[in-house]
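Consider the two complexes below, in which chain A is the common component and chain B and chain C are the respective partners.
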Partner chain A sequence: MPQENSTTEYIPGRPSSLQGKKNAGLGDKVFRNITLLFSLVVVLLIVWIGVQLFKESSITRHLTGISILSSSVWDVQHQQYGALPFIIGTLVTSALALLIAVPMGLGAALFLTEIAPRWISTPVSFIIELIAAVPSVIFGLWGFQVVCPFLQDHVNPWLIAHFGSLPIFAPPATLTNMLAAGLILAIMILPFITSVSREVIKTVPGSQREAALGMGATKWETVRDVVLKGAKSGIVGAVMLALGRAIGETMAVVMVIGNNPHIVKSLLQPGYTMPSLLANEFNEAANEPIQRSALLEIAFILFIITLIINASARLLILWGNRQATGGNSSSEKIAAKLEVVKKFGFPIVIGAVCLYQIVADVSSKGIGGLLGPIELVLVLFGLSRWMTKVCRKDNKLWNRWRAANHNAMYVLFSGFAAIACILLFALVYYVAIQGFRALNPNFFLNDGSKPPDDPTGGMKNGIIGTLMLVGMGSAVGIPIGLMGGIFVAEFGKGKFGAYIRFAADVLNGIPSVVIGMFAYAAFVLPIGHFSAAAGGAALGIMMIPTIMRTTEEMLRMVPTNLREASLGLGATRSRTIISIVLPAARTGIVTGIMLAVARIAGETAPLLFTAFGNQFVSTKVNEPVSSMTMMIYRFATSAYPVWIDLAWAGALVLLIMVLTISIIARLATRNRYALR
Partner chain B sequence: MSEGVPVIRMAANSLDFYYGSFKALTGVNISVPNRKVTALIGPSGCGKSTFLRCLNRMNDEIVGTKVVGKVSLDGDDIYARGVSLTDLRKRVGMVFQRPNPFPMSIFDNITYGPRIHGENKKDKLQEIAETSLKKAALWDEVKDSLKKSAQDLSGGQQQRLCIARVLAVEPEVLLMDEPCSALDPNSTFRIEELMSELKHKYTIVIVTHNMQQAARVSEQTGFFLKGELVEVGETAKIFNQPDDQRTDDYIRGRFG
Partner chain C sequence: MSINISGKIGVIAAAIAVAIAGSANGQTINGAGATFPAPIYAKWFQAYSAAHANVRFNYQPVGSGAGIAQYKAGTVFFGATDAPMMDSEMGGMQPTLHIPTVAGAVVLAYNIKGIGAGLKLSGDVIADIYLGHITTWNDPRIQKENPNITLPGEAITVVHRSDGSGTSYIYTNYLASVSNEWKNKVGAGKSVSWPTGLGGNGNAGVAGLVKSSSGGIGYVELAYAVQTKLNYGPVKNKAGNFVLASTASTTAAASVAVNALKKDVRVSIVNGTGANTYPISGFTYLLVPKASKDAATAAVVADFLKWAMGPGQGMAESLLYAALPAEAVKINEAAISTIKVK
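Showing the complex of A and B:
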């Protein structure tokens, strides 16, 4: 602009040379608001799930009121709906799973972060993460066909022989029972606990490790006193997330727990959990308004429980991350109270149990009963306390004792990691052996409508159904997740973004069985019949939070200077995101999508209530279709060898499919980041 | 008073150090005199911190590192086979660049070292906490809040806490890796005061990028450049008439 005067001053009303067109920046605003709408879907969904389940379960709520939580009688004929056996069964199996999986998962995480050299930790964490990708129905099949018989032959008799006097191990043992369910659940949540703990442990600053080592602490002492202490609240959060998963797990449990709607004291007896009840009784309840309402109410209770657990777990993890760098004194008050429980509560309880067991052993087996496992553990414990006391007196002995402790812990942790790997190999091995034996061309050519004595049956209908359902799920989940992820990564820096992220994490933790019941209540009931579309919607909902969070993580990893380069050239924000940031994060985003696809391809529970299953090949969107997972479930729980073989073949094909996707996805982005 | 204790506490003889294939230290020869402060100066990346971490084998914690040559404590090779790392680090304590208190109370921080080294009597630990905090000139500020989280202290207090924590295990040699670089001038002054107190009882090696600090607190100074110890000698001599031209250039601020 030709300005004669060198002093340019601001004249009101004069168009500035910097003023652009009137609607400049409008595109950015529109883009932002569109992505915002998509991101709000997660919040909306959580509310909708709660409201819908609550609304559709009104019949039983009026009938039984709050006593559904306290009554232990589940009698459909007499319209008595007490959920207590299922609530207790859920809590007991989950607690058992945590009891086994937490020490193992944490030990494996410590092995991977603190002990193992890179060339071991990289493949081992890869293998452990693969366990997480195995569909739960395959765990159920393996558990029912392999683990349960093994336990019944080798473990249950031993438990009864040595601990039978304790009510929780009272005989007789059944093939499917609570213990088996807890064990399978433990294996399923093990990889989850391992990978989340690993992330949390990594947030403990290296400088604190150095401080302890620099003072002459052994590595184990450093881990025990510094690493675990610093990561404590994060680990508690991880454990609670795992609890949420265990509580909501359906398929693996329904196949191994025995499905007995009564409260039992012994872990060796069959039980029931809330999710397995839904999966098991849904078929008969679908046409019975009252029973249907009771199941929807159970789904609602499950929704509320997991919502609370997940929300508090996420808060704990956020809090823990902050705490790793800055202190917090209120946490110490809680810690002080817990200290009292630890100091007096645990020893009293454990002491009482041990005493009871010793008395029982001696009274049943005479003096030889003193050689039981509990007694041996007690002797070892006493011995180690005594060693500590003796060695403390002499510097040289003390150092040896510390080194011995260090080595013992290292062996233990390495052992845990090794067990996790062995379990995966055992599972893959069995599925491969049985699957290859049973697999033949008919599997792909015929559908599953053949009678149980005809060995030419196949899963053509299931394969086509799975492809259809996954396709429809992706059509729902990918765009919403992607756009929502763009919003939280690019526009969600403030509090609002944090809320959305939180909601996505909470939605991610809602059990698939609950989402299935919701999709049933929201899409099947109003229309009046089961359909592939409803199944696709349920799977799509499950995809949204995972895709959203991985997209966000990937976008955040795009370096700032790349954005600035584009913005500095005068590109708009939306233009920069679409043509620079998204392409730069492409590999990561595609990986996230592939992992989400692998996950829903292995889903069973939500489909039972929506797509329902179909004996024949169907490609119609508004008709019921089958899926490989549903067919595996129904064939595996049948009494016919031919069908069980078919289930193994299906498991093999599904496992190959899912693991291939996961392996490709993980290899594509290896070394760049750790995916959960 | 110090009979039987050698005049030279630690010594490095033709020490080479590698990070993978990168040679970070070449032929370092230095003796650390008893109950004196030895300052190590030099530009960033010259290897002075790496050398310091060789003295209590903290570099062992980094994967892919290698040491050639000899480092001795009272004449014993610390890299010899069978040397107990925990014992070595108990005798040769370290204070780090950034204050790194544990996420525990002040009391638990101080008594952590004694506890892992076998002390478990309550009154003894109490006594150790008090004397170490007094030595680190922190007692008066924290004596009423020993149960509070150490991470609530100010940066300067945290660093003195870390010094007290090291003193609690009664080391013979104290290694300090730029202990004031994350602190404000006032806290720096207090730490320097503390060092001149401590040198009556301890042998101190300090890495610093602050030449005035080296001149103020040390008796002996070594100048590192590109992984070599260019010159080592009495502090006054290094700062006033160094033998080597490169030392002179650095001291006069011509580079670095």
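Showing the complex of A and C:
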């Protein structure tokens, strides 16, 4: 560790600083209070965002009161604003995403922690984490251009043929629909569920596993009865965190959901979510006071929902970590209640659905209808129950059955991890193939002002805009995040620090589209026009919590003996932090900054209301600028082959940028862990 | 502080310095609004900038609704809309001129397996498709108007705009004029509560959705349908003739309104009289401030508008827009001369 050698040189040179202890105490206080101020920015921002949204939505709150939540008519023409279709759309797509992503993510996490050897689990978890870095507009482009046509050609007809009599799969199917949105969301939240579950599962003590295995349980039985039970609340926390993401996701959903402001029963029909409504309508509502207020109220509802979900998720994860190491008392009661629902609720609902489908199959196709997929699954299920019963009677058979179960579950988990990797490869593959085909020097040399039949258009304006916006975002986000992180790690030991840490996590969970609306009200309107500066500010706000939390975590990893050595030699607290602790944690902090940069470089939604877009290259801070993400969004949904190609080329360049940053950042920390 | 971090901050500071210094040459005039005329505006701005190297127009096609909103909020210098503002909307804003620039036609572009261009549709059938009453392509009412075409039993996927749109305004005004049910249930406007269908962003977004949805139908400006090679057919007009959208049939619709134009340029020309009139047509407008504080920019915009009324009109036909009737050009020129440029 070269940096430790160099930092230790500081201390012997200043033994005299013992004399200036009173002055040093003052310096420490000043330093502490400065970092405190920076850390309070997080709390201030949450309050500011909340108050701004609340204040500006007063018209509809007074006009319609609570009925905005229950009214299902959204009719701008007749000034009727009901949010129910959007709330339902958001809940349905998020629930669908969880339904797909939770078993897969959990299975993949179990594969990575319990099954896979190190040489597999390290690269696979690396790949799954990279999915999290893919910008949502690229998911949208891939979803709209590749996944939606695939579903429409192959999956939707199959669903209609076999399950069409169930209202949720009723025909006709449309190209963009709720199912597509749920699927894309599932892929997007998969890495969150996997990586957080992995962390939680790791906290289950090895001794518990060993005890179960020692008593003769198979590894699967150990996982089911010991590991999953121990990690339960942590996993629920992970799921809720993912739910928060799914609810707030904007760009990917707006491109694949169909934007239909009505409540539909069928998943194959178009729907609408709250964030996509905000992205579509906020720019045109600036001077329609009632519509604007209704949109801001929806943003406020979204803000509150994500606040609650994120807060409870964080509490559950904290609780889970404690529970895994200590006893568990109050969670038992909740678990018991959930058990009742599991025992009676699920079988009744699933049984009713199956029965309905069987009746429908038989009545439409006669006896042959009994060969449908749902019937086959039911037969398999019945068969396995029957096998369990039979095998239980004979000890030898029973052991074989258990081993078979163990193997089946392992195959399943490995399959989930494999699917997760395949999905990322499919995405990267399409973006690479289409992007390289479309990429040419014009892409970097020309701007996007060319008409759609001119194939020489490019994204120079977007590239420069993105660099500018990220630069300005960093100028806001890095100092605040860094100083805030220092406060929480070094001075925030008590409850106060915990509150600030909590606030940072909550700020991190606020949907980016809501931050964009806030930035419009807070920066664009007072300045009087759209500008790169407003976009940079919005991105900066999004960077603060990420940088703050990683800085804090990295500082905490610096061994206390380094600090003690420095303090013991007479250095002041602030001196120790600046000269010893920060340099020791440098790599980790820079990594956190790079990850935050990668994240905001892929943001679209907050820029629509702030940076606005510019067909030309502009380097002026007070003028609208474009970004690669906004251009990809606009080009991807158009009908011109030239523009769609530009979108693919843009997606490739952006993906390479973002993934390179993420990979370098992650490799840097990996080496660091290896060294320690 | 560590070298890495301070180095990083240095880089950012440098980036900002570069950004502030910027390219100071030339003037960018920001505008936003309708996607309906975006192809011709792109051409105009390019041609005008080619002759005036120091002027650039940054036009963001975000939809008429957003164009009006951002113009009123003062975040852009000029707005563009196909839906003229009513007097009630203009209260409390800076004195503003509506300058009709060209007229255009809205066509119903469709994507039906095995069916080419030329599917005939009448107003009541179109309205019932958009109301969700007609749901398959081989519906007897569509078949009746197209006896020579064998229509498939494919489901119809209706596509509409998800943003506030002047194209929607023209289109829903047409639907309200041909269907009482539409008029009473849905109404006409920039953003209405669509009874059914997929929402796409902008004319390009609607064309994109129609193109990739088998069985899809959507309303787009003529230029978009032609550029994206989507099929469209003749629509029955008030006189009972099936007329195909073209510059000639749009010009016919525009010239019917000349007398009304003289009183107020904010006229509707949907479902107009005349044997060869295309029924779903409309003017598109630029919104410019009459007395902006920024007189220099106003002068450039006034000069551009004068140019658009002259050489600009000649470019309309090649992009499938109808040039303005000569009377309308005169009215516009008089209006443009009232813009305060000093």
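Please note the rule applied: the second predicted complex is superposed on the first by the 644 of 676 C-alpha atoms of A that agree within 3 Å, B and C clash if a C-alpha of one lies under 4 Å from a C-alpha of the other, contacts with A are read in each partner's own complex, and residues count from 1 in each chain.
The rule is short, and it goes like this: a contact is a pair of C-beta atoms (placed from the backbone, for glycine too) under 8 Å apart; a residue touches a chain by one contact, two chains touch by 3 or more.
Quantities reported herein were computed from a predicted structural model and do not represent experimental measurements.
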| said: After the superposition on A, what does A:Val590 contact: first (chain B), second (chain C), both or neither? | reply: second
| query | Should A:His62 be classified as contacting the first partner (chain B), the second (chain C), both, or neither? | reply | neither
| message | Residues of chain A touched by chain B versus by chain C: which partner has the larger set? | response | C
| query | Is A:Asp225 touching the first partner chain B, the second partner chain C, both, or neither of them? | reply | first
| request: Examine A:Lys343 and indicate which partner it touches, taking first as chain B and second as chain C; both and neither are also allowed. | output: neither
| task | Check the residue A:His154 against both partner chains and state whether it touches chain B (first), chain C (second), both, or neither. | result | neither
| task | Scan A:Pro270 for contacts with chain B and chain C and give back first, second, both or neither. | result | second
| field | Residues of chain A that lie at the interface with chain B and also at the interface with chain C | value | none
| remark: Residue set of chain C touching chain A in the complex reads 1-2, 4-5, 8-9, 12-13, 15-16, 18-23, 28, 30, 32, 39, 42-43, 45-46, 56, 58-60, 62-63, 65-70, 72-76, 135, 155, 157, 162-164, 186-202, 204-205, 207-216, 224, 227-228, 230
| said: Under the definition above, what is the set of chain A residues touching chain B in their complex? | reply: 117-118, 205, 207-218, 221, 225-226, 229-230, 323-324, 326-329, 332, 391-392, 395, 398-399, 402-403
| Which of the residues in chain B end up touching chain A in this complex? | 56, 58, 61, 63, 84-90, 93-94, 96, 98, 100-105, 112-113, 116-118, 120, 148-152, 162, 165-166, 169
| said: Under the definition above, what is the set of chain A residues touching chain C in their complex? | reply: 73-78, 80, 148-149, 152, 171-172, 174-176, 254, 258-262, 270, 272, 280-281, 283-288, 449, 451-453, 467-468, 471-472, 474-475, 478-479, 482, 524-525, 528-530, 532, 578, 582-583, 586, 589-590, 593, 612-621, 623-624, 634, 637-640, 643
